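In the two assemblies presented below, chain A is common to both, partnered first by chain B and then by chain C.
And then the complex of A and B:
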């Protein structure tokens, strides 16, 4: 049981890297808390559901499609919401209120359009039968989702550390005002990062029916709580810290399910409280981020 | 002769006058207050119940209303319904609002035990009879609380009676000796887990419980738990959860390649259409489940039959956003019980309504089976047999009732293929 919990936790945790990655990128670049993150994930999930049912599109294909669509959607949404927030005295606090409202609107509209019922995509689209890893059997869909997460992490790494846009993005992450003073088009850089953040959430949503069993318009709130646990454990504002956060979360969850199953839903809160008390900057955080 | 005629005229005049006076004092509408969850964790079980009740209301209003004995006439129904968003705190506020602000005549709880649980003390405090649609938690019912009656589901403590009886009586003959129980920790399934555990232990049969764990109702990943159950090497697995739990569990079971010899879940029977779409036909094959009134065609003595109700449902709700199933039957049954109670009650006083509803116990036979209450107001009729879902040979599924023997339509397939 121990080996299985460890390996399953690792794979499940890799998926949760993807779930938290977009939220952390948006917070890192813009210092805003996107409480609608879980709702964009939900929209990605319903996108995959409908595309599979209407045209039989494989979720891997849908992942590429939603990446393009949600990145494009993120650009106007950024210009509509974020620059006004940044001009406020306390953009972080105001962003919580604004994106909470946006979350409510998205959930209500999704309920009207899709109905409240649970929806899902058959697991057989990724093949029948489990995949064997180190002598343990895991659902094929879990492995595909973990691979998708790995690709997304690699993409973020290349984007941040191997492209000119990434250098500019990291400059904005370190100090927004100084980046502005050096002539960086902060809004353009931030808008792209915002779009990529939403797109990553939507890609996580595409794989949600396989990892979470089913999806419904109200799933956003739970996803937000889990995402916050993941990114706070890793390091708030450090997208690549999300990898460690996700793995810690995944392994902790499977161990809780194995040894204290009735208490497993307390895990996100326990992790959040523990990390905030012991290492508020997260496992990969620095003492002073903006130095 | 003249004297007799005078007396007759006087009696007739008196009867007409008092009848007219009663009708003149009648309200313009009977206010039924209820909650529903259009979103959130319980939306999938709440909306079918609400739409089932609403279908009955619309049907009665199209006929000019429902007959109310104290006023001796048909009165239209006004359904006052608020969305509690699956939130118990919001539900508590809205139940209070229905009683104190809207001053409803009849208070109907939202579907399911979690959203009913907050209504029980509120109704009791305000001395309002709580029309409990599907909140089956055994803790809601006590001899000292006359302000609750359960309409359309048996109380949770008797739901798994046939499951336990099958495992303890027929199970050993089939080779079932080791039983695993996995349940979601909420009133509905927690009560059933306690009940099935109690029934199995009381039977003193040669079976043992080798795995007995609860998981939060919010659980969406069961792969590790399934592996842990497999490690206990059970012959039969009883899984008790809400629809989202059953969907995740059965999908994870299928995807992980694990096959238990005997697997029971609640919702493959209760919400078959929804689970076919989410779990898939293959994932439901050979699963044991309750065989509810949305599948078994009871012969109703009042209200629509199952095919008529299904047709009416699909005609009214064409968008297919809320699935037809056991819960939709439950909402409609609530309406039928209320209709009969209003026809029989001596007054609109809450305890008089209770008396009228208790008067139907054992006599009212609807689409949902026989309506029967115990002294606490808990439903003990409408009990669901144990069935198994098997392939129908045409790419679909069919139910086989396997227990009790007198209701059985076939033999169980064990071990599952």
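And then the complex of A and C:
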């Protein structure tokens, strides 16, 4: 029991890390809260469903495809919404409402196009039979999803810490105005980060049918809360803190489900409030000087 | 004429009169009741968001606490509805007190934590282990005290009191000090305002409003499930209505409810997804082009709106 909860927790932790990562990247770079995050995840999930059913594309292939499509979608969306928002008086607060509106639009369009029913992809696309890890057997789909999440996280690490664009992105995260003053094209850097953030959500969506159960157009709200729990535990605005947050969240979730199953649904909310009150900067956060 | 009297005559009197008299000429009382509920909730959001700047994304938590405080004291203690309403209000205030530490957070952090708090309350109420007490997922049935006419009248009284409170905040030193805290808490503290006390008071007032109207809602519908009274639609509708009209005014939330909830009832019930689409686009357009709400248009034309 204990070993199973630990290992399944790690597998889910890696996946939840991917679920939260895009939201955190967008918040870190632009200081805006993308409440439509869960809806982009939902779109990724429906992409995987339709591509699998129509052309039989394996979800791993879909993951690469949605990455390209959503990054390309994110760029124009950024220029349409964000620069205008950031000229307002309180962009952080207004962003919650603006992206709530966007999430309503996406949810409505998805309901109109896909219909409100639950959809799922059979787990056997990744081969039948469980995978054995340290004596515990896990569904193959879980392991593939966890590996894909690990690869995506690694990609973000390389992007942020090993490329010139990532260097500029981190500069914008630390101080937007100073980055602007040193001549960095803040809008371009932010737009790319925004696109990558959406793409990460969509990739997480591709694996959602295996990790979160069946998908439907209104699943976004729940995902948002879970993503917030993950990134607040790690540290809001620090994409790598999300790895820790995801693993803490995943392991606590499987432990709750194993030992106190009827209270497991409370976990994200309680964890979120507890961390916000006790250590608002998150487990890996730096002290922030205010005023 | 003093400013507060003019504001009362222009806003509170016509709205309350319409809410009180329309049931005599219009048969769909449930629709009118829902309007009263949203008029009240939008003003409740106005008190905490408009005047103090905290965005209560989990405002429905207080509404649900009021509904359950009311229902459980009717079911288990066999209280009279009006006394039970007091318990509902007390439950909401208690939850508000429990959540006061959240006021230390700011901006998005507060909104998210508040949303999480309301979902946590929902999970507790609907938890299968507590079915004995809360009836869990089976929901509540209060057929013994069912009395829609009286419940409607009480709701109108609560609406009148809430509108009165907003007029007071709009025209009083206390309301002004809340707005000063919202704009710059440190300077407000320097000017001698007790920031923590004022904020907490506004927060509890706003919780009280939602708790009272939640209790009346439970009384009026008398059969409901936990997901009915904890539906995040209540928080979101109330916030959007208030914002659409313009917060920190009395008129704004009223206009927002009448226009948007009117549209919702015209097209939202038959084709909810098209309403959701229009609604989402409206919200986005509002934030991008008119972030201070409809009434800011009047202000731009130099008209003083209550």
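Criterion: the second predicted complex is superposed on the first by the 288 of 291 C-alpha atoms of A that agree within 3 Å, B and C clash if a C-alpha of one lies under 4 Å from a C-alpha of the other, contacts with A are read in each partner's own complex, and residues count from 1 in each chain.
Note that in this section a contact is a pair of C-beta atoms (placed from the backbone, for glycine too) under 8 Å apart; a residue touches a chain by one contact, two chains touch by 3 or more.
Since we're looking at a predicted model, the values are computed, not measured.
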Chain B and chain C placed together on chain A: clash or fit? clash
Could you say whether A:140 touches chain B, chain C, both of them, or neither, answering first, second, both or neither?
first
- Query: Now for A:229: first (chain B), second (chain C), both, or neither, which partner does it touch?
  - Reply: second
*Touching A:103 in the superposition: chain B (first), chain C (second), both, neither?*
second
For this session: Using the touch definition from the top, say if A:74 reaches chain B (first), chain C (second), both or neither.
Result: neither
### Message
One more residue to check, A:111. First (chain B), second (chain C), both or neither?
### Response
both
### Message
Once chain A of both complexes is superposed, is A:245 in touch with chain B (first), chain C (second), both, or neither?
### Response
neither
Is A:272 in contact with chain B, with chain C, with both, or with neither (first, second, both, neither)? second
Now for A:211: first (chain B), second (chain C), both, or neither, which partner does it touch?
first
| task | Go through the superposed model and pick first if A:220 touches only chain B, second if only chain C, both, or neither. | result | neither
The clashing stretch of chain C against chain B, among 77-85, 167-175, 185-193 or 221-229, is 221-229
Chain A residues where the chain B and chain C footprints coincide 107-108, 111, 262-263, 265
So, in the complex, the side of chain B touching chain A is made of residues 37-41, 43-44, 46-47, 85-86, 185, 213-216, 218-225, 227-228, 231, 243-244, 247-249, 251-252, 254-258, 274, 277-280, 282, 319-323
The answer for chain C against chain A in the complex is residues 53, 55, 57, 101-102, 104-105, 107-109, 111-113, 115-117, 119-120, 123-124, 127-129, 186, 232, 236, 239-240, 243, 273-274, 276-277, 279-284, 286-288, 291
In the complex, the residues of chain A that touch chain C are 33, 81, 84-85, 88-90, 92-98, 100-109, 111-112, 221, 225, 228-229, 232, 236, 262-263, 265-266, 268-270, 272-273, 276-277, 280, 291
Touching chain B in the complex, chain A uses residues 1, 4-5, 8-9, 12, 107-108, 111, 114-120, 122-124, 129-130, 137-142, 210-214, 216-218, 222, 253-254, 257-258, 261-265
